[in-house]
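The letters A, B and C name the chains in turn, as written, and every chain counts its residues from 1.
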Amino acid sequence: MTVQATENVSTSYSQPSDRRGGFYTAKRFGTPLLVIAALGGLLLFLYSRGEPDKIEAFALNWDYMLAKIDEHIRISLFSAIVVALIAIPMGIVISRSKSRIVSAVVLGLANVGQATPAVGVIILLALTFGIGWATAVAALVIYGLLPVLRNTITGIAQIDPNITEAARGMGMRPLQVLFKIELPLAVPVILAGFRTALVFSVGVATIATFINAGGLGEVIVVGLKLTRPAVLLTGAIVVSCIALLLDWLAGLAEDALRPKGV
Amino acid sequence: MANKTGATIELLNVSKVYPNQPEPAVENFTMTINPGELVMLVGPSGCGKTTTMKMINRIIEPSSGSIKIDGQDILTLDQNQLRRNIGYVIQQIGLFPHMTIAENVAVVPTLLGWSKDKIRARVAEMLELVELDPSVFSNRYPKQLSGGQQQRVGVARALSADPPVMLMDEPFGATDPITRERLQAEFQQLQANIGKTIVFVTHDFEEAIKLGDRIAVLSKRSKIEQFDTPANILANPASEYVASFIGEGAALKRLALMRVDSAVESGNATGPAISRDENLRVALDSVVLNAGRPVPVVGGGRVSIESISAALGIDVSRLGQ
Amino acid sequence: MGKYDLSLIWPFFLDKLDEIIELSTEHVLVVLISVLLATIFGVSLGLFAWDKPLLRSASIATAGVILTIPSMALLALMIPTFGLGWVPTLIALALYSLLPIVRNTVVGLREVPEAVMESARGMGMSPLRVLLSVQMPIAWPVILTGLRVATQLAIGIASIAAYVAGPGLGVYIFKGLSMLGAKNALNFALTGTVMIIIIALLFDALFILIKRLTTSRGIRG
């Protein structure tokens, strides 16, 4: 089983970045430039409109925005870390298991999971366990689990069996084969899954506002409900910039952690 | 087992039966391999030769029978300890792509807990042994090397802990013919110096003749059809099967195994002189190029069609027609 | 879960069947239209850009940026210009669906082995001919996979559209939320979610069928 991203139905973008070549590629600078341009444009737009009205002023002030940004990043990162802590060991255990049925079942579940709408998951969880931060985290974790789990399994499965046979033939113990050979070689694929999970987290965290978990979704909702386009745009642009920046940072980490010879 | 060249390998009634398969892959395989000997297992694909070899380092566990290295039953040993004392080279090489060349070669010494200095010195020594300049290659990654260079690293990696036994599974099979010839020649040279006990699997009979001290020709279920020196197998194939495996031109192949020494006759000749250390195949080529007239041998004497025919016991003038 | 009575879901389902069918139809329609739009645009872009390195990476990167934007935010961004309802939903979904379609078109066309391309050219086929009768058929399964991924994405994201007065089963999910604590809240949310999963799985099966029927037997995996 090779990781052929293009044939991999279950995910839209869990493939290792293909940034090779030098450090100074357009992609490395493209995202920050885009973010700066978007935020700069937003600020220009807001200031050129003059004083916000009373309703707008509720949201369009630095204290409130920074608090929402902080909430949003916190919940996204926290869930992503929980996801990594659960999904990577789980993926390893599943790929150790001799039976192919187990990983087939997991991958099948992953596909159904992919088809489950995030907003459905989060609202069903809220109806069952109550609203609030913990429920939101649970939804984010459930949603982010699949890409990391799947990529851990495929990342290990795609390794050329000759390489692991050579390792065993040289007398490496199973754990040595895992830690010295398999995991380092699977890192790019696992990280790509983590990156997807991170982007999912930011997106699902936006929806988490429906169950009172705060974050920038709240800004969007305020803008919508009170029909203040400026507020709505601010929330949407800022949260998009966070998603882009986190994705970009994860991409950098991916490049830095990729084993050199690969 | 370290620091000793060569060990005896004894396989006794070794069989391998896979579940859900009616026939055993290997059936009652018995063979004794002497210290320092290079034994070639030759046979068509699917005959069980690779399975037989892989049971020696327990990549495949035998179903029955016993395998001893220097008298010690390998089934009683810890399989990882066992493997650290057996060099292992496979066709696909299996270099670790995320490790540098030096790190690849250092794997087994590291597993064995050698000191850093000793490992560093050993890696350099090994790379030099396979004619790769350590100052150039140590810090490169496998993907930066050609196929031939990668295969040399594979050999260096297998030899790094100085194992008494080496297992080689079609190590040169994936390289182009010219690279293969060079690797074979280098390997021959190498083995002359290191004298390991080597089990070498190939489907290429030419390669078996060129490299092997003894050749085991195998048929289905790893049945030994003949186990003898290359010269004896060429001269007296034990069965139709073996003969068909040798194919055409057995006599010419035998010539390649004989030294000029064995066919020198007295007398004078004109033309380019050839060395006594050359093989008779080269000598015959020289004679043919010399329009069939005898050619001189360095240090006195000459070789002719007649003297070569006498040494081989077959009239070589009728070969190749 | 004491507050909710799951045993009532079947009577609930039968009671609301007409509405459920209507919302499901809307959901399917909005997905079909937006994926169709994205396909027309995305495949054309891929066909045009696949052999132009700069344009190729620029279009894939742009589509990648769009996909990174949270769906809530993208929908919100549409509202000042397009208002509420179907139009912003269709545009947002089409934009989301672009990446898998463009990327897979480009990758599929580029994956055709050079030897095959060369022998096609060597037989005197024009570039357009090579594209249509050699590259497209070979790239087709990959492109189709892109459509499949795009459809799955659109089905899921369409559920959020209800929040901006868009169509589809999301309406039931949000109804459940707004009735938090009421007897039928879970029934609404659960019905909406499960129906979306069913639609997604049906589409997936449909794509597998289409792939089997339209892929040359010589390259079927």
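FYI, contacts are C-beta pairs under 8 Å (C-beta built on N, C-alpha and C of every residue); 3 or more make two chains touch, one makes a residue touch a chain.
From a predicted model like this one, the values you see are computed outputs, not experimental measurements.
K.L.:
Hey, how far apart are subunit A and subunit B in touch steps, shortest way?
P.N.:
Minimum number of steps from subunit A to subunit B: 1.
K.L.:
Report the chain ID whose CA centroid sits closest to the centroid of the full protein CA set.
P.N.:
A
K.L.:
Which chain is most remote from subunit B in terms of Cα centres?
P.N.:
Computed centres place C farthest from subunit B.
K.L.:
Roughly how many whole angstrom separate the Cα centroids of subunit A and subunit B?
P.N.:
53
K.L.:
List the centre-to-centre spacing of subunit A and subunit C in whole Å, with centres computed as mean CA coordinates.
P.N.:
One centre to the other, that is 20 Å.
K.L.:
Could you put a whole-Å number on the gap between the CA centroids of subunit B and subunit C?
P.N.:
58
K.L.:
For subunit C, what residues touch not just one other chain but two or more?
P.N.:
As it turns out, subunit C has no residue touching two or more other chains.
K.L.:
At which residue positions does subunit B touch at least two other chains?
P.N.:
Residue numbers touching two or more other chains: none in subunit B.
K.L.:
Inside the complex, what are the residues of subunit C that reach subunit A?
P.N.:
Spelled out, the residues of subunit C in touch with subunit A are 1, 4, 57, 61, 64-65, 67-74, 76-77, 79-80, 99-100, 103-104, 107-108, 111, 141-142, 145-146, 148-149, 152-153, 155-157, 159-160, 163-164, 170, 173-174, 176-177, 180, 185-186, 189-190, 192-193, 196-197, 200-201, 204.
K.L.:
If we count contacts the way the header does, which residues on subunit A are in touch with subunit B in the complex?
P.N.:
160, 162-163, 165-173, 176, 180-181, 184-185, 259-262
K.L.:
Of all residues in subunit A, which touch subunit C in the complex?
P.N.:
6-7, 9, 11-13, 26-27, 30-31, 34, 111-112, 114-121, 123-124, 126-128, 131, 199, 202-203, 205-207, 210-211, 216-217, 220, 223-224, 229, 232-233, 235-237, 239-240, 243-244, 247
K.L.:
For subunit B, which residues count as touching subunit A in their complex?
P.N.:
Per the touch definition, subunit B meets subunit A at residues 57, 59, 79-86, 88, 90, 92-100, 107-108, 111, 141-143, 157, 167.
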